[in-house]
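Encoded as structure tokens, the structure appears first; notes follow it.
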Amino acid sequence: MIEFRGVTKRFPDGTVAVDELDLVAEQGRITVFVGPSGCGKTTSLRMINRMIEPTGGELHVDGRDVLAADPAELRRGIGYVIQQAGLFPHRTIVDNIATVPMLVGSSKKAARDRAMELMEIVGLDTSMARRYPAQLSGGQQQRVGVARALAADPPVLLMDEPFSAVDPIVRESLQDELLRLQSELGKTIVFVTHDIDEAIKLGDRVAVFRVGGKLAQYDEPGVLLSRPVDDFVDSFVGRDRGYRGLGFLSSDDIPLGPLPVLSVGDPLPDDGWSLVVDGTGRPLGWVAAGDGPIGEDDVVPGGSLYTVGSGSLRGALDAALSSPSGQGVAVDADGRVAGAVTADAVLAALPAARDAA
Amino acid sequence: MIEFRGVTKRFPDGTVAVDELDLVAEQGRITVFVGPSGCGKTTSLRMINRMIEPTGGELHVDGRDVLAADPAELRRGIGYVIQQAGLFPHRTIVDNIATVPMLVGSSKKAARDRAMELMEIVGLDTSMARRYPAQLSGGQQQRVGVARALAADPPVLLMDEPFSAVDPIVRESLQDELLRLQSELGKTIVFVTHDIDEAIKLGDRVAVFRVGGKLAQYDEPGVLLSRPVDDFVDSFVGRDRGYRGLGFLSSDDIPLGPLPVLSVGDPLPDDGWSLVVDGTGRPLGWVAAGDGPIGEDDVVPGGSLYTVGSGSLRGALDAALSSPSGQGVAVDADGRVAGAVTADAVLAALPAARDAA
Amino acid sequence: MTWVLGNLDPVLRALRQHVVYALVPVLLGLVLAIPLGRLANLNPTVRAVLTNAAGLLYTVPSLALFVFMPAVLGTQILDPVNVVVALTIYTVALLVRTVSDALTAVPGNVVDAANAMGYTPLRRFVGVELPLAVPVIVAGLRVAAVSTISLVTVGAVIGFGGLGLLFTEGFNRSNDAQIVTGIVLVLLLALVVDSALLLAGRLLTPWQRARTRKAGATT
Amino acid sequence: ACGGGSDPLAGGGQPADTDQNTVVVGAANFTESQILASVFAQALQAKGVTVETRPPIGSREAYIPALKDGSIDLIPEYSGTLLQYLDKAATQTEPDQVYTALQSTLGTADPNLIVLDKAEAENKDAVVVTKETAAQLSAPTIDALAARCGELVFGGPPEFQTRPDGIPGIEKTYNCTFKSYRSLDAGGTLTVTALKNGDVQAADLFTTDPAIPANEFVVLDDPKSNFAAQNVVPLINKAKATPQVVDALNAVTAKLTTQELLGMGEAAGASDKPSVETIARDWLKRQGLV
Amino acid sequence: MNLFGWLFTPENWTMTGGILARLAEHLGYTALTLLVSVVVAVPLGAWIGHTGRGGFLVVGLANGLRALPTLGLLVLLATFLGLSLLGPLITLIVLAVPAVLAGTYAGIRNVDPAVVDAARGMGMRGPEVLWKVELPNALPLIIGGLRSATLQVIATATIAAYVSLGGLGRFIIDGLGQRDFSVMIGGSILVALLAIIADLLLGGLQKLIVSPGLQATGRTAAPRRLRAVPTRPEPVREAA
């Protein structure tokens, strides 16, 4: 658990980067700091491991007074991941990861063995162990950065815009990976981003900072979207927040409708759109009404798919809206067609889901 | 009008960056090239002003054969804006903008006067005229870049990821500015980006390239979202595309429901949520049921607002989804409450809007 | 050529002497410049003082510096220490800025990451900053070594050995062959030392090769 | 001498740090001195003395301090200029007078240094002019030149300008003040070239310089004996002058005549540019000294 | 003995062959050398930098000539050319050209490629790009090269005295021959002072003619990444 009590940082030039911050980042949870550029996110984060000295207030990490601790030692017990990973370009991947264990006195062999394990944990092929950072893609480098921060098995992990330098697709996979990892490791994570989507996706709780180093709102993401405390948070959370808020509502209660399917070679439907599936029941696309048997060319790619069970109302609604037929395709965990979901059904489920959240 | 006819670019090392491209960028419209990194967007763009020589095919700009033109002269008639502006660091802002007019023989005075006008047109304070590029923020530099490209009043404007180096908020304002400018100037613009959101927002038509320099799809953004031709475009266009696609559907047909409003000081409603407005009828927020008169503190900020007339189904749906009461607030152009919009009404209007598009 | 073959002994003696006079200062200079360069980065004032002092030393003609040395050091007039110290001063003057620049160029986020992992300052310097500064330092060292090799010849004017003797003596006796031999040997020596440093730099920085390999592969 | 003096060139008087029995041989920065130094060195070696040679040092003003501080132990010298260097007031000009005066002056000036037997060989500084200039003079003497000194540029080594028997001596003895002085080198290529090309009209060269006959230069007579006798003498650190060393060097000087000196100078000028070591060794062999 | 007394004796300044005369000679040699070097090296460096052809030549030349011993070249030329000014002048030019050449080349090469690209994209032709964009932007490094060349030449011009020419080196060489330490140190101080003053003047010139947009403007001037090879050639001195 990380506790800020009235923490203030005034830089020598007079800038007040963080102003009387009171905040508790809960044990085993992901706390996200979000806000416009220069609002003091990084400063707040770096005070946790004393990379920046607070000028006022108290700061405790797992009950220990940060300001009373030896900085180097404190830092060895707190993982830190930054943008573009900050890897040591002159060390191989495995040695990068083994840095902290070796710093605290592990044997080289033990540190490297542990590093190899960690590579697997963060989803890196161990054949890359002997490469240098420059030989890795940006996304791979970020994974190494995470592995390195995890190497000493610190209870606390600080991450400062770790994924902002990679492209959107890789970023999404890194985010998913982080959530998976966290579900296994249960670290206390403080994560800084200026991307509200990322904050909402990753955060158990999200702290929105306003410029001047003030905390504007600190809430669960669903609450943030549905009840921003003021216009600043409202505008920061952005447009589409109604739609995005659906992402925090469970879709378990949506009834699935029947969805008749055809296969390639079947005759084209008489009217409207029909879904075509492959031999295993996975959706191939839609065909419009017509004559004759269905050819490969007749199949039009469909909309987004809604996975039953792991899905949110957001996914369900988008599946419905993006389908040419108005019927969203719901699939099971194996990707086989499970039924149809309509926008109306999503809306109908909304009040109940809101109450449940 | 810019016409690619079977244009191919094979670099000396054998890379085929653009492969038999056929494409017409229409007069007075914004054509966006989008696609993953390395797919040949930049190469295609730069062949238009012969910064790169095509190795095959024909290219015409406003009916003129590019390959037969004198490159330097051709370029003076085509505005070109690149990432991070590429401003001349040794010249003041006004002289940067005046470059092309002076190159084609304008007097210094005339060129500078014109440059001052352009600064205003792109939204730069003319007090910055004597500054140097290094003294401007990234967003301001981009505006200078646009002004410079416009200086010779070229009918054609090429823009290569012009906004990708600035932060998201500035980027959005630059995008809006570009759309405003274009509505006044009506240039033929080719715009390169790798951000599908930007492409959808700016493009009259969007060309999606796939790696290897092939055109995957070339359509209006609404069509792209609703009917991606294949899985590549589908996955590139991304999730939420059903919802985003609503942004291209007119909301004119949505019926507005009645929305009773209260003022501060009125008694709190008996049940459900009620909208509170100020003296001019502009929404202040929602209040929940309770006893006693409405105080400022009771008012909860509401969801996003839907502006009647200029709105799309997307805005209307989000207004409805983000409202605590389930009733989206529709406002008129002046921001006064015009009525309520519900999600059901949006869905009901969907088929008609789709047909109309 | 015939002259060289006929006078192999004195030529080789001069060469040996030259190697010692040139390489000792380069090594000493490097050893001194590293802590000084680090010091220079402590704050802008120290840096300004050190780099300006280095620049100033550069304006002192080398011949004069050779002659001043006994006054400063209290050494004998023909003591090779004079040359070695004078050339060491030049090397330090040349390298302090290079080392300072090289350390400044170490990416900030890497240093930051090291701090965040709990490196102590000394350990960080030795384990992270210095290795990353190697390419730039080696580049500067090559320059320093080559110029020192050429500078040693000036010592011959006032009675120090080395290949410069071939110049002064060849000049006295109008012996072109001797002068040319001297020039060629100085150039060869510079080339050999330069290549050796280049090679050493490569061996010390395997990650650099990794980078170029990758760059090569992607184009 | 830690801390040094205000004038480092005065030397620190520190004893040589080389082995007590090693004789360090130095030379001035002109060819003849180097040849003589090599002759000394090889003669000593032949007698079993450990010898170390130093690169040529420069002018007398440079190597005398080196001798004093023990950087070198032995150097070939010329009796007259050495005497004048030590005693600016010395007036002796005849070889034996000069030699005797030198010995006594040295005894008081620096008791650590002694000169061994002088050779018959002489190599004086001399005022040298081109054949054409000489032809315009009434007689080939400095006296005759004196009237025209004001029109002439004189060339010589930098130190000649201030040496007692250099420009000051010529001015005093012959009342000859040259138009200007041009610093060149000690009887080397520069001086010869300068005289040959007319950059200077009169120059300080050494009488044994093979360039004089080669270029048909004329050595002007010195009737008022501005330049003292210049017999070659070994100047040596007393501590190193063991009987073995003294005998070996005296044996050399006994054989060294002006003619022999000229011969070695010519050998050095030969087109194959033999090394001074070779010239010295050849001469020693011919003389049966090795 | 007062080591600085020589400098403060007025007649040492004014006499024939005195300090003023030597100073004038020294400045003359330096100016002539720099003039020739700039005329040769700036156009060559600009052309190579602009076309990108022959870059290896610049690098090779800069490195190779650095190793060339100035003293050796000087005496070699003196044995051919005698006492003329030509020998020392060639020697000094050989010393100065690489610095100016490398400065110019690096200056042009270091211009942000995006800026050059923008210039071409606006329809500037090759010479226009060079004149209007590349050269003005390269100016700081060109002058940097000139500054280090000037330092080297001023310091090294002293060796001209070794082959009997004038300049402040006379005091060093004559003082050496005469073992007059105060003359030597005085001469050296003059050389150092001259170098410093010349450098300050060139620094002033740089402020004057380099566009303010290129001079570090505090917060906004992004630090350039250092290259593995220093782009501004370090001053190298070979003889004095």
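Labels for the chains are A, B, C, D and E, by order of writing; each one numbers its residues from 1.
Basically, a residue touches a chain if its C-beta (ideal position, glycine included) is under 8 Å from a C-beta of that chain, and two chains touch if they have at least 3 such contacts.
Quick caveat: nothing in here was measured; it's all calculated off a predicted structure.
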Co-neighbours of chain D and chain C - touch as defined: E
Most remote chain, CA-based centroid, reference being chain A: D
Interface with the most contact pairs, given as the two chains involved: C-E
Centroid comparison with chain B (C-alpha atoms), farthest chain: D
Chain centre separation (chain B, chain C; CA means) in Å: 57
Centroid distance [mean C-alpha coordinates] between chain B and chain A, Å: 27
Centroid spacing, where centroids are CA-atom means, of chain B and chain D in whole angstrom: 92
Multi-partner residues of chain C (at least 2 other chains): 67-68, 71, 156-158, 168, 171, 174
Residue list for chain D, restricted to those that touch at least two other chains: 6-9, 58, 62, 65, 185, 189
Pairs of chains, among all present, that meet the touch criterion: A-B, A-C, B-E, C-D, C-E, D-E
Residue ranges of chain B in contact with chain E within the complex: 49, 51, 71-77, 80, 82-92, 99-100, 103, 132-136, 148, 158
Complex contacts: residues of chain C adjacent to chain A: 107, 109-110, 112-120, 123, 128, 131-132, 205-207, 210-211, 213-214
Chain B residues within the chain A interface of the complex: 37, 167-169, 194, 225-231, 233-234, 239-243, 245-246, 300-301, 303-304, 314-315, 317-324, 326, 328, 343-344, 347, 350-351
For the chain C and chain D complex, residues of the former touching the latter: 2-3, 6-7, 9-10, 67-79, 156-161, 165, 168-169, 171-175, 177-178
In the complex, chain E residues that touch chain B: 112, 114-115, 117-125, 128, 133, 136-137, 139, 210-214, 217, 220-221
